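Paired with chain B in one complex and with chain C in the other, chain A is shared by the two complexes that follow.
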Partner chain A sequence: MRRAAPGSRVMSDRKLPRLLQTPAVLLLLIWMLIPLGMTLYFSFIRYVLNSLRRPEWTTPSLSNWRGFGNYQFVLNNKDFLFAIQNSLLIVCSILFLTVILGVLIAVLINKAFPGRGIVRVLLISPFFVMPAVNAVLWINMILDPVLGLQGLAVNGINGMIASLQNAPVVGWFFSLWPQLEPISFRATQTSAYAVIIMVTWQWTPFAVLIFMTSLQSEDQQQKEAAVLDGAGLWSQFRFLTLPHLSRPIAIVVMIQAIFHLSLYAEIEIVSRGNGNKNLPYLIGEFANNNIGAASATGIFAVILANIVAIFLLRMIGKTLME
Partner chain B sequence: MAIVAETSRFGKLSRPVLAWIVGLLFFFPIFWMILTSFKTDADAVKPEFLLFFTPTLENYLNMTENYDYWRFATNSVITSVFATVFALAVGIPCAYAMAFNPSRSTKDVLMWMLSTKMLPAAAVLYPMTFLTKSLGVFDTHFLIIVVLMLINLPIVIWMLFTYFKEIPKDIIEAGQMDGVSTWGEVKEILIPLAWGGIASTALLCFIFCWNEAYWTVRLTTTEAATLSKLIEGNRAPEGLFFGRLSAVSAAAVGPIIVLGWFCQKQLVQGLTFGAVK
Partner chain C sequence: MGRIVLENVTKSFGDAQVIPPLNLTIEDGEFAVFVGPSGCGKSTLLRLIAGLEETTSGQILIDGEDATRVPPSKRGLAMVFQSYALYPHMTVRKNIAFPLRMAKMDQAEIDKKVEGAAKILNLADYLEQKPGQLSGGQRQRVAIGRAIVREPAAFLFDEPLSNLDAALRVGMRLEISELHNRLATTMIYVTHDQVEAMTMANKIVVLRAGHIEQVGSPLDLYRTPRNLFVAGFIGSPKMNFIEGSEAEKHGAKTIGIRPEHITVSADSGPWEGTVGVSEHLGSDTFFHIHNSGLAETITVRADGEVGFKHGDRVRLAPREDVIHRFDAEGLRIA
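Right, the complex of A and B next:
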């Protein structure tokens, strides 16, 4: 950090910068504290939306104090651990896939070829699709085992194999083939995969964009030198390109982790009531009636988010201020 | 350059072919949606890969009747535009102060801001609904604008910060020597210099606002409902109405995709969050 020039007004005065930051900080503080405070309060009391037996529980009040009862209830709920596992499975899979695909595609389109501009436009498009449309489109029109493209493709392949079985010479070979079964993406586990597929489709362009921009600033002379030294494509990639991309990869992971930990619309649309859930969705389920339990789960989600945040801070905090 | 440009046979032929295949694959779902939107509902659910059919505009013409599209679209435009403007109005001074007068806590403040995005919205949904209803702002444009602004403020400040950091301090200091007021500095020096960065930040903020699908769905009923609400509200029983659903979906994402295409260059710069120098 540089020292201010003598006589410089703003630099010597610390009040003005504070003042300029105040509105943003204050707004975000309110946005964080009020809901968090209410969640914390509700998580320690019995609070349900409907109860015929105990109508006094339907209004939030300190006289319904439950201590850590809601937390215990949540911890004993069989869905809780599953939801955490599933959250992590979904987030980690998406991160893994988008980074791998992102790097590969960025390297692929990093050099000039005919129509590069158009390919870039095509590639970037999924990123602009709203999550609700993304989910509706994929689960109905693409992944549906009967009406979706998946169903059509499976049918087509089965039909082709069936007709080849009657072919002369090679017919016996194809009669060994099994009939393909379309996969239903509405079951608990498969709908998690459906969510991973659709979000990966949407966010790979984001990774590609960032990696592509970064690759353009790669040191070409270094590469030329490596080529002259006889480095193959793989070692160029491994020892020059990949290290160059480490910082952008960190950014991609961080931004995506922030967005995907709170994934909701996709889960809701794809897996309505089939048991596939992440932590936000479990909270939503509790919140249909048991606000106390929903709030306690919310506090657990905040803790999980903080653990991830600390992890991310370690990872990219250093490079941030450079 | 010549050596690096294409060293292998792979590059000459396979690269463009492969790149085109990847590009088309990624675009295909959107293409399929647009194609389906021109089919009649009967054609849309035919169990065959129907590429050639008699196109119909019926789905688009019926959109207003079936879905009241324009009301939702107007709400989306209003809320996204105002939320973006307010986010910039609050974000620019903040990022300015952080970039040119960083203190020891600046890094932590930035990280904290970003961490507010990690709070699970579902946990605070009920308190928020309760609060906004008792304040009488539930289902108003005002509420949605404020919420969208707050959700995107951390990203906006972060992006602006990385842009402002790239502007040489000397230029700002020279302005101070000449006795320009702080407001003058921002208006005469900072904004013109960082115009590209501000534009791409605004663009990304607008896209995120437009696509937001949690609060906009749950804090509205009719008055301030946006296109996300329209899609969410119509998704379930529409299994047999792929044509209609595609049309309304295409109309919901179309404007943003086109906007994105036109502003591709700015967006690419803006998205890097300071990761690329």
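Right, the complex of A and C next:
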């Protein structure tokens, strides 16, 4: 307890800022707690949008209590484990690719070269494309096996090989080549890869942007000291640049993990979830009618997000900090 | 071995020539200090020697061999930077071991050398800490440790003490001097502080705008400064310069007399003035004398017990044998 007389000024000095912060803190709490609370609540009751047989389930109420029944229902769903696996596959692949590409590109364009400004602006631009537009562009114009760039390229290569097979000296070599088949990215087995490719394209600029800013604050004298200590380019990168980037990498991983665990538009546009569901997509399917199951899935998604975040941060901390 | 010779070395950044043709020899085992005002090209010169800047023309010889185009890591020199340039993510041990690790030395040998260096530099208790947890003086020692373990032909220091507070600076100055005595390796030390130069150097190189104004031992420079710039730069407080009729009496355009070579008293001496500010250091007192008719201010060093006050009329007696005479070009008259 604080004494009143001499300490009163100190007390008011502390109280006032706290008081002024309260509305913001309260708002944030409400913002987070109400949706989370409602999700929890719905996940423990029977709540459906439409039921001719049990009309009382269409309004949320404690009298429809189901305990862990919704969770059981979700766990027994044939798509649930697959959705978790697929969520992890998509998120981890995107993180892996964007971080590696991001570091490489950031290091490359950190050197001065003519036209650097324009190159930087162009590099950032994919980030400003809307996700749905991004997906439509990629799946129709680039990855389409017939009309997309992929189809055209495969056709072109096949045509070139075909004509080379009749060439004099080297013809025999090219006749050993198989006819290339374009890949259909809407197919069950490949639609996840399409999503990974398009999101990586869109989010690499984000990683580049963050890494580039960080590289500019790298201490040049440390580099010079390392040069004198006999460190080559690779050692400088490995022992100075990479540790310097470990925090920005953690930031990029965290933010992207949060964003990509909730991918939806891309999955919907590429294959409507055929062979490629993640947890949000599953939630969406449940939410067509069964809000209780959708909420339970949502809680699973929250748990998954936390596990992923903790795991990733640990891993980055361990490997980069010497 | 570490004999460094610069022959007609120049350096330009674009059109700006920062170092005009410059010749200098630093003997093996010498403690050479480059001193001069900020922006005069001291760091540039040091970086040329280290190989961090490319020489525009001329030659740099290390132990008789042309090192002008040799990459920095192959010159066998170690540098200590003003900002310490420690690797922040590595422990002190790893920092010191880094050059050895880059040289692919085996681990047992590395450990031995690192611990040896840590012992010399009083860092043994800090080996497992990160640079961020150390004080400025300790960081500086780690930087020095990283240089020592390589057993370089020469050490290069770029204003290594200017980020430390005054008391630490005096301590580190002594430590570096002691290190030099102990290792007997060539050291080149850059500073803008003439006190550091005077106290540490075997050989002082005074630079101005990339030019060498004078090279010599501290006492050479103190006793026989070659020109007005060196005379004014070396010595603290600064030498008094007097022009006009008093200088003409000595057959010079300008004469210079150091504060410690003037005796102040109430009644004896050819010059006269009023006491302005007095700075009491305890051991000494510096009087700033006005209205002498010789110069704006004459600084005089007196014993700490001499007790003139602001406004007192005093007389000044210069020691005639140590009056420095300079001609119209500012050069010393022998």
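One rule holds in what follows: the second predicted complex is superposed on the first by the 288 of 322 C-alpha atoms of A that agree within 3 Å, B and C clash if a C-alpha of one lies under 4 Å from a C-alpha of the other, contacts with A are read in each partner's own complex, and residues count from 1 in each chain.
Note that a contact is a pair of C-beta atoms (placed from the backbone, for glycine too) under 8 Å apart; a residue touches a chain by one contact, two chains touch by 3 or more.
Everything numeric in this text was worked out from a predicted model, so none of it was measured.
Chemist: Looking at A:D219 after the superposition, I want to know if it touches chain B, chain C, both of them or none. Which is it: first, second, both, neither?
Modeler: Once the two structures are laid over each other on A, A:D219 reaches chain C alone.
Chemist: Go through the superposed model and pick first if A:G298 touches only chain B, second if only chain C, both, or neither.
Modeler: first
Chemist: Between chain B and chain C, point out the one touching more chain A residues.
Modeler: On the superposition, B touches more of the residues of chain A.
Chemist: Of the partners chain B and chain C, which touch A:R238 in the superposed model: first, second, both, neither?
Modeler: So A:R238 meets neither chain B nor chain C here.
Chemist: Look at A:V227 in the shared chain and tell me whether it touches chain B only, chain C only, both, or neither; answer first, second, both or neither.
Modeler: Touch status of A:V227: both partners.
Chemist: What is the contact status of A:R54 with respect to chain B (first) and chain C (second): first, second, both, or neither?
Modeler: neither
Chemist: Where on chain A do chain B and chain C both make contact?
Modeler: Residues 224, 227-228, 321, which sit in both footprints.
Chemist: Sort out for me which residues of chain A touch chain C in the complex.
Modeler: 219, 221-222, 224-231, 235, 239-240, 243-244, 246, 321-322
Chemist: In their shared complex, at which residues does chain A touch chain B?
Modeler: Touching chain B: residues 1-2, 4-5, 7-11, 14, 16-18, 20-21, 23-25, 27-28, 31-32, 34-36, 38-39, 42, 105, 108-109, 111-116, 118-133, 135-138, 140-142, 146-147, 149, 151-152, 155-156, 201, 204-206, 209-210, 212-214, 217, 220, 223-224, 227-228, 233, 247-248, 250-252, 255, 258-259, 261-262, 264-265, 268-269, 272, 279-281, 283-284, 287, 291, 294-295, 297-299, 301-302, 305-306, 308-309, 313, 317, 320-321 of chain A.
Chemist: Give the list of chain C residues in touch with chain A in this complex.
Modeler: For this pair, the touching residues of chain C are 50, 52, 72-73, 77-79, 81-83, 85-90, 94, 98-99, 102-103, 146, 150.
Chemist: Within their complex, state which residues of chain B touch chain A.
Modeler: Touching chain A from chain B are residues 1, 3-8, 11, 15-16, 18-20, 22-24, 26-27, 29-30, 32-33, 36, 45, 47-49, 90-91, 93-94, 96-98, 100-103, 106-107, 109-111, 113-128, 130-131, 150, 153-154, 157, 169, 173, 176-177, 182, 207, 210-211, 213-214, 217, 227-228, 231-232, 235-236, 238-239, 242, 245-246, 249, 252-253, 256-257, 259-261, 264, 267-269, 271-277.
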